[in-house]
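For reference, the structure discussed in these notes is given below.
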Amino acid sequence: MNPLTNLSPRVRAWLGFGLGAVVLFAAAPALLTDFRLSLLAKYLCFAIVAVGIGLAWGRGGLLTLGQGVFFGLGGYAMAMHLKLADAGEGNMPDFMELYGQLDELPAWWAPFANPVFALAATVLLPMLVAFGLGSLVFRRRVRGAYFAILSQALAAAMVILLIGQQGTTGGTNGLTDIEGFFGYDLDDPVNQRMVYFIIAGVLLALLALTRQLMHSRYGELLVAVRDSEERVRFLGYNPANVKLVAYVVAAGMAGLAGALFVPAVGIISPALIGIVPSIEFVIGVAVGGRAALLGPVLGAVAVAWAKTALSERFPGTWTYLQGAMFVLVVAFLPGGLASLWGLLKRRREATPPAPEVGERVLVKEVAA
Amino acid sequence: MSETAGGLSIRGLRVVFDGFVAVDGVDLDVAPGDLRFLIGPNGAGKTTLVDAVTGLVKATGSARFGGQELLGRDVHRIARLGVGRTFQTAALFEELTVLQNLDIAAGAGRSPWTMLRRRGAVPDDVAYALETIGLTERRDVLAGTLAHGQKQWLEIGMLLVQNARLLLLDEPVAGMSHEEREATGELLGKVAGERTVVVIEHDMDFLRRFAHTVTVLHAGRVLSEGTVAQVQSDPKVQEVYLGHAAGHDEPVAQGAET
Amino acid sequence: MTVILGQLFTGVSIGAVLLLIALGLALTFGQMNVINMAHGEFIMAGAYTTYVLQQTITDAGLSLLVALPVAFAVAGAMGVLLEWALIRRLYTRPLDTLLVTWGVSLMLQQLARDIFGAPNVQTKAPDILTESTSLGADLSIANSRLFILGLVLLAVAALTAALKFTPLGRRIRAVVQNRDLAAVSGIPTARVDRLTFFIGSGLAGVAGVALTLLGPIGPTMGTNIIIDAFLVVVVGGIGQLKGSVIVAFVLGMLQAMVEYLTTLSVAKVIVFIAIVAFLQWRPQGLFTLRTRSLA
Amino acid sequence: MLRFHRRRLAACSVALAAALAISACGSKTGESDSTGGVTADTSGDTVKVGLLNSLSGTMAISEVTVRDAIMLAVEEINAAGGVLGKKLAPVGEDGASDWPTFAEKAEKLIKVDRVAAVFGCWTSASRKAVKPVFEENKALLFYPVQYEGLEQSPYIFYTGATTNQQIVPGLDYLKAQGKKSVYLVGSDYVFPRTANKIIKAYAEANGLKVLGEDYAPLGSTEFGTIVNKVKASKAEAVFNTLNGDSNVAFFKEYKSAGLTAASMPVVSVSIAEEEVKSIGTQYLAGQLTAWNYYQTTTGAANDKFVKAYKAKFGADKPTSDPMEAAYVSVYLWKAMVEKAGSFDVEKVKGASNGVTFEAPEGLVTIDGATQHIHKTARIGKIGDDGLITEVWNSGGPVKPDPYLKGYPGASGLS
């Protein structure tokens, strides 16, 4: 018998958390080159998005196919501030002078010069948009499938909007050539490392937050809404609010991830927002296991890593593999790899484990 | 819980689906604490009536409970007024445990702060309901793995902790064994009195054993109403409902309604 | 004035194209509730079928006519294969179907790239379809657009008639309205599903043939139009063709008018906002089948 | 339970504190850069060069052919003995039509593979994404595609045309043909929007009326309304900066609306031989293009290039301007390295001014000040056979002027 299984879930969580911290804060920086570490920073940003999707989709049954929008809102909010900071007080960002031929900074850019406003906006702006769309859609009981398609349409519309406003958003280019991060020079590898540590810290903090949410009464209610929304309604809850909370939290996480992506990679562009990247955010979650806490994180990192590694040598093969992952995992292993582990464990122990909410694989979905 | 149970009062209730009149001007009064059985042939509008009262389908007319108008409110608002219901097929959260099912049912009024924390101990009303429905031993079992009868009891338990003062039960004993029926009937008898209970049922034996009063629906209208004896002796009922079996006590094709 | 008239016709023809690509979806999504993201790749398959046929049948007009039924069969067969291999396992999980078929669409795109190469390929249209019909002074209407309008009206009429009057159509409608009842009444629902999917996918193939007259033929041609098509069916409502028909033309007209006054980008955004607003008013779409069920 | 929360919180704050402590060592913006960039690995008997193009995604259509042309040049150079006696070892990366991926792959080529130079990128967006990477690491990029100008990075060599070598000649040609008005149609992204700003300014100063401009989102294939507007404007010509798939839909619609090359010619700046093949001469015959090179361009260097390309990639594969510019960029780099006698980036840059190469398009010379090249502008007409034949050229190489300083009326744009 594995001695770990004798520990209480809480102690195990604490141990896992410590292990994660050791891997992210000690092992990875020690073992990886600066370049690989910066790639890991990027993957961890995707993992943060995945944590939110895991909550909304895995636990809440909300297939959020528009996370790119929130990622982009957070990223643009951060990039706008950094561009303004690079340009210096009273100056306009370089691209605006190049393409926009504006006489002065547009009014909606101005508040982003304030770092506090910009930082708050990276999280609050996506949450606000999610709240708006979510309250419209959930309250009117739009069906799950409609919600998924509307999310995609939102992503497409957002891209078109951003690209169309080249003078003030940088168009297809997005916002590039970001030099500093709150006064620190991003060219310096030491500062790149700092960005990595911040991202890793945020990821761990959000994991703790999400674990708390999943194990709270709200987490149980969310699963109940996923499995039988109508029944929850007859118990006197408004499922729209329950879903809205998960959706808004997931949007906030995506926004934060987008904001951290900017200093890590140095660019935010519409290419990260549209339908395709939005669906790609989901694939890691599906592969890792949508309903588990760590599944989405590990899945997102693994898929992003595989993409980098494989596309270096076999660009066409990667597309096939990506497609095949969607097909095989979603159709035949809906609980993702996390459920595989559970299945193996169960087989070895040959007795059904004490059911603990959430670590179970879901096979049902809110169809209504 | 010693709140005064309210009475249900329905006036001129009408439900129309795409031109088809499912409920056609029903007037119905259920006194506080009554255990009312609602019977009628397939398509009589029994379930639709319950759907209308609980806000699932749109209806015209009036349905008041404890003095509050129900029609036109959202489903969850009606539930918060103390109206609870079950469905023909058990609707539980199968991925959650018995305890979690009950805890959720008990929690519609919880503050956001409570919601965001873990459940500490088992709340008293939940423990009491577990005892009442006899599932204390199985509280950590997934609801999906319960036996059929136990699922129905769990549903009733959920209505209890939900603190519903009007219980609308759609065929609660369909598919149950004889012993389970007896137990369920006794449970309903215990619940009524403090609360008002309306049961849709086909099983005539069960009805005779436990009903306080009976309403017969036919083609969207109330055909007859009264005690079991009064209804059974009503010639209109014998004509349209019991039909060929008039005078005998044959139960009507049981559970044929899908 | 002539510009406005021209723009009116443009709106109608945008609507016709939308309807043509959405018609198959109105069957598979609208009737069967399957979100098939690979529908766009079936359209692509139809377009490539036209291209392949032209390698052997050099006469542009003849090859186009031959391509219509062949593309229907090719795309339909792909649809049946997809239904048999994957979708039938997923009928209870509509959102998972979306992801699975998205994966399939990725693979089909790459397959097209490997077979036909990444660049677009060209087909030759019959000369008459590259010209326009003059309607007085400055007003003329593109023959290709007229052809597509005719084709889509024909397809709608045929589909409506088939659903209304043939035994198969009655079975499809029975399955849509009550699957369990249909099953116990002796209708082989699995076979009806497969046939429905064949027709829906086949219509995508026909749309692909028609699109060779208007746009590029390449591996990604399906992805650009698929979301618009889904929106048509979402707004039109589930279970009825007439919703999709009306919505396609209304959206086409709206887009043409807004685009004329502003730009294509703005038009797309405004159409999206209009759709969200509309769904506030009618969350189930323009027309719905009302049934008494929990869901 | 609460105790655990505290400890978890403590772990987080320790982690964040550690991160901030480490950060204190980093340099602030504005301080002199402590890092000197990465030096290429030239120790062995081969030297690595990076190839960065989209092999997947929407841009693969165009970029794959550029990759082929670069590979051809690398192989030819290796067959002829390499550069400074070292063989070139190409390292290919896929930008996947995604700008952040381009930045990531550029960094990988520079830092992990330590290549001596990188050849590639197509869209302006991908170039803008990698530009800071090359500048930060002091590495070289050769960018082979015509673009919107208004840029001059110290670490990029631009071997495609800038605006005064393509767009301005295109307008001059229309003017010379007696056209008095144009309508501008373009895709909604950087190049068309910037190009059209230049066109409007230049046209105004030269008596050409701009009767309207319209942009379609990238990948858009619905051109009914735009063609309607174009037709109603009664412009005498159209200047087309559409990209990719949109061109196919635009020209099909254009022809269907009864508009012809004779009545309202279209000058395109993104349609080369490869695109002609995918649109079809049925729709394109007689229309105009502005480039610096066509497959039909005469000269021994081009005959050799076309022959070698077709031998390697297939007789049905046409050659085009961006391919030629990419092919030339490798040879130009070779010439610069040989002139400098070193692979060192700064030395190569220093040696660049005046380096020439007898290219398929004719003699090209590097302008050291702008790091662009002198190129001959050419207007071509698309024939029924799918080839483009030259109808006008600038008579000799035009000096690159990315900021249009020598063009009154347009120079204020930057």
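The letters A, B, C and D name the chains in turn, as written, and every chain counts its residues from 1.
We adopt the following convention: a contact is a pair of C-beta atoms (placed from the backbone, for glycine too) under 8 Å apart; a residue touches a chain by one contact, two chains touch by 3 or more.
Model, not experiment: these values are computed from the prediction.
Asker: What is the chain whose Cα centroid lies farthest from the Cα centroid of chain A?
Answerer: Farthest from chain A by mean C-alpha position: B.
Asker: Give the chain pair, either A-B or A-C, that is connected by more C-beta contacts.
Answerer: Pair with the higher count of C-beta contacts: A-C.
Asker: For chain A and chain C, let me know how many angstrom lie between their CA-based centres, rounded off.
Answerer: Each chain reduced to its C-alpha mean, chain A and chain C end up 33 Å apart.
Asker: For chain B versus chain C, what separation do you get between their C-alpha means, in angstrom?
Answerer: Computed value for the inter-centroid distance: 46 Å.
Asker: Using the average of all C-alpha atoms in each chain as its centre, how far is it in Å between chain B and chain D?
Answerer: Going by mean C-alpha positions, chain B sits 72 Å from chain D.
Asker: Quick check: what residues of chain C touch more than one other chain, meaning two or more?
Answerer: 110, 113, 263, 265, 268, 294
Asker: Enumerate the residues of chain A that touch no fewer than two other chains.
Answerer: Correct list: 160, 163-164, 230, 316, 319, 364.
Asker: In chain D, which residues are in touch with two or more of the other chains?
Answerer: 1, 56, 188, 215, 217
Asker: Touching chain B in the complex: which residues of chain A?
Answerer: Going through chain A, the ones touching chain B are 212-213, 215-218, 220-221, 223-224, 227-228, 230-239, 354-355, 357, 360, 362, 364.
Asker: Along chain C, where are the residues that touch chain D in the complex?
Answerer: 2-3, 6-7, 10, 13-14, 17, 110, 113, 118-125, 129-132, 134, 138, 140, 142-145, 213-218, 220-221, 224-225, 255-256, 259-260, 263-265, 268
Asker: Under the definition above, what is the set of chain A residues touching chain D in their complex?
Answerer: 10, 14, 17-18, 21, 25, 33-35, 38-39, 42, 86, 98-99, 101, 160, 163-164, 166, 171-174, 176-180, 183-185, 187-191, 193-194, 197-198, 200-201, 204-205, 208, 265-267, 269, 271-272, 308, 311-312, 315-316, 318-319
Asker: In the complex formed with chain A, which residues of chain C make contact?
Answerer: 29, 33, 35, 86, 89-90, 92-96, 98-100, 102-107, 109-110, 113-114, 223, 227, 230-231, 234, 263, 265-266, 268-269, 272-273, 275-276, 279-280, 283-284, 294-295
Asker: Spell out the part of chain D that touches chain C in their complex, as residue ranges.
Answerer: Residue positions touching the partner: 56, 58, 60-62, 64-65, 188, 214-217, 219-222, 224-226, 228-229, 231-232, 245, 248-249, 252-253, 255-258, 274, 277-280, 282-283.
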